[in-house]
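Once you scroll down, you'll see the structures, which are given as structure tokens.
Consider the two complexes below, in which chain A is the common component and chain B and chain C are the respective partners.
On to the complex of A and B.
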């Protein structure tokens, strides 16, 4: 990355060389940003939880679901630059996250896409998996560092596609 | 457009970039959502809005982002990422300098129509931008 050493207006700085969050803040208030939240969640193992059981949600999953709600509220813009994340997409994304956390301990980073989809992403030294959730379906694209690729889509029926499960197993294989 | 031109994408959400890894937290990674296309309501085509900033100073990159793009969108500019137009053609996309709204405005076009295909391509472009000589400015 090229480094620019001059002054930038409006309080902008050059990255890299910039931590998005100071280490002390990240340590004392890990839920203060989505980034630190997801990093923290990756270190936890989740118990089996979900709406279909009477068990309470784990605190980590509750925080993750709250972060999805916050993401939704931050992406209600409807313009030529961005479409809003509609509520049914949020519902599907939360459903996906709950079901996923019943089966896997590695929660993803979350993001909003310009057409109103919610994205989930896992990025490790072995490869990258990204999933889009919209009102009806999920779409996935997976690649390993050796550029082996799998992609596809499936109507969202509360079932994690086998390709996604295989990808997660590979990404986090010991 | 020449492969040597510089393009800048303006970012309005912190979820569009992340630390590259916990082992090296200072390197910023551009995420696929930062480059993903939006459907143009008028034409139905998929496009990603960028600016040709080859002749810009870093100060002007920020000034156009804040004074024009963020003002038009009525949102706070969070970051900008500048990269070579060559990276766009390497993932088999094309830059269309339409000049609509601003003389230096362009769109990245020729996105494949299905979601899993443009999702994959936006990740390839984001990874390429992260890996190459790109300038990222972030609001503190």
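On to the complex of A and C.
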């Protein structure tokens, strides 16, 4: 499980996007970030459910996301090391997850990032895909185990970028 | 090598990522609290959310000495010791690192270390504006004079290999206006080596010494003599 525990907003190599290495090893964990880890940088894991090819959000997941929303609402204050997760970011992240889960069964790990984005991560033996969603855009970075890399961003318009779809197909190809 | 007499360090941290022969149990994590009875303890949790509901897992504990503001982060992946308020000099920090690491290696029966790191976060407050940045930072962005209005905050980072120790560095800068017409400059240097180390505190300290030397070199190259003089 990838715990993100960086602290400062400039922990990303591709500002404001994505650090392709495992965050827990590419940066060191100052105590100030662990404070954030305690209070808001928690990691959430959405396990794959059955063999469904399409996974509408179940009532249980809606409840879980509501709990997630409540948790973040409790920790919306800005700090020296972390920007708040604004509500429109949460709305976009939920929108993304809902649309994604209608097309794919492989649900990601989800975490809050110190720049105020919500991050989604898929990690398989074939590679790693990270997506960040903020109040306006979606940023993605994809790296295979053979070091082939794709990255980009686009305004969030409720459409999964084709590069992301290709990456998911590759990561989970039999 | 220049080091500052009054370094404005808001956090100095040493970290090891470790391996054990069997998975770390929650009881081991909780057990560290009893050895630090007067320290404030906060559990660090992982939440897993899924269709079946929410599960909470213990990831580690953060222990803070309320007086000295020293912090221990003891997790299932890494151990870290920080001085967040009273960092004075390496000669004082070093034995504290070794003492805490030594205790940790023994109590958790650590078999190997696979990453060591130092992270020093400095926060300078100086008289000036972002237009004066060249007085303070040797490494800095430049802006075209035709820019309609100058920026009022800057955040940037660079990463680099450190061939001398086969490590890497993340160097971050955050510059912003501060109250009373001051300029706040945060310089965050994170140096680390991902390799296999013996679980021996004395040997680890030799490697930390090498990392510290590289950290200081980076520090020196980032700042101008004028800034160093202000805090020297």
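Methods note: the second predicted complex is superposed on the first by the 103 of 174 C-alpha atoms of A that agree within 3 Å, B and C clash if a C-alpha of one lies under 4 Å from a C-alpha of the other, contacts with A are read in each partner's own complex, and residues count from 1 in each chain.
Heads up, the rule we're going with is that a residue touches a chain if its C-beta (ideal position, glycine included) is under 8 Å from a C-beta of that chain, and two chains touch if they have at least 3 such contacts.
Computed from a predicted structure; not experimentally measured.
Chemist: Of chain B and chain C, which one contacts the greater number of residues in chain A?
Modeler: B
Chemist: Once the structures are superposed on A, label A:152 by its partner contacts, choosing first (chain B), second (chain C), both or neither.
Modeler: A:152 sits against chain B, while chain C stays out of touch.
Chemist: In the overlay, answer first, second, both or neither for which of chain B and chain C A:113 touches.
Modeler: Only chain B is touched by A:113; chain C is not.
Chemist: Counting contacts the way the document defines them, which residues of chain A are shared by the two interfaces, the one with chain B and the one with chain C?
Modeler: After superposing on chain A, chain A residues 1, 8-13, 15, 34-35, 71, 110 contact both chain B and chain C.
Chemist: Give every residue of chain A touching chain C within the complex, in rising order.
Modeler: Residues 1, 3, 8-13, 15, 24-32, 34-35, 37-38, 42-47, 49, 58, 60-61, 63-65, 67-68, 71, 110.
Chemist: Once bound in the complex, which stretches of chain A touch chain B?
Modeler: 1-2, 4, 6-20, 33-35, 39, 71, 74-75, 77, 79-83, 109-115, 117, 119, 121, 123, 125, 128, 130, 132, 134, 139-141, 143, 149, 151-153
Chemist: Which positions of chain C touch chain A when the two form their complex?
Modeler: It comes out as residues 11, 13, 15, 17, 42-54, 59, 62, 64, 71, 73, 77-78, 80, 82, 84, 115, 117-119, 121, 155-157, 159, 170, 172-174, 186, 188, 190, 192, 194.
Chemist: Quick one: which bits of chain B touch chain A in the complex? Just the residue numbers, please.
Modeler: 13-16, 18-19, 21-22, 25-29, 31-33, 36-41, 49, 58-59, 62-63, 66, 73, 75, 77, 79-80, 114-117, 119-120, 123, 127, 133-140
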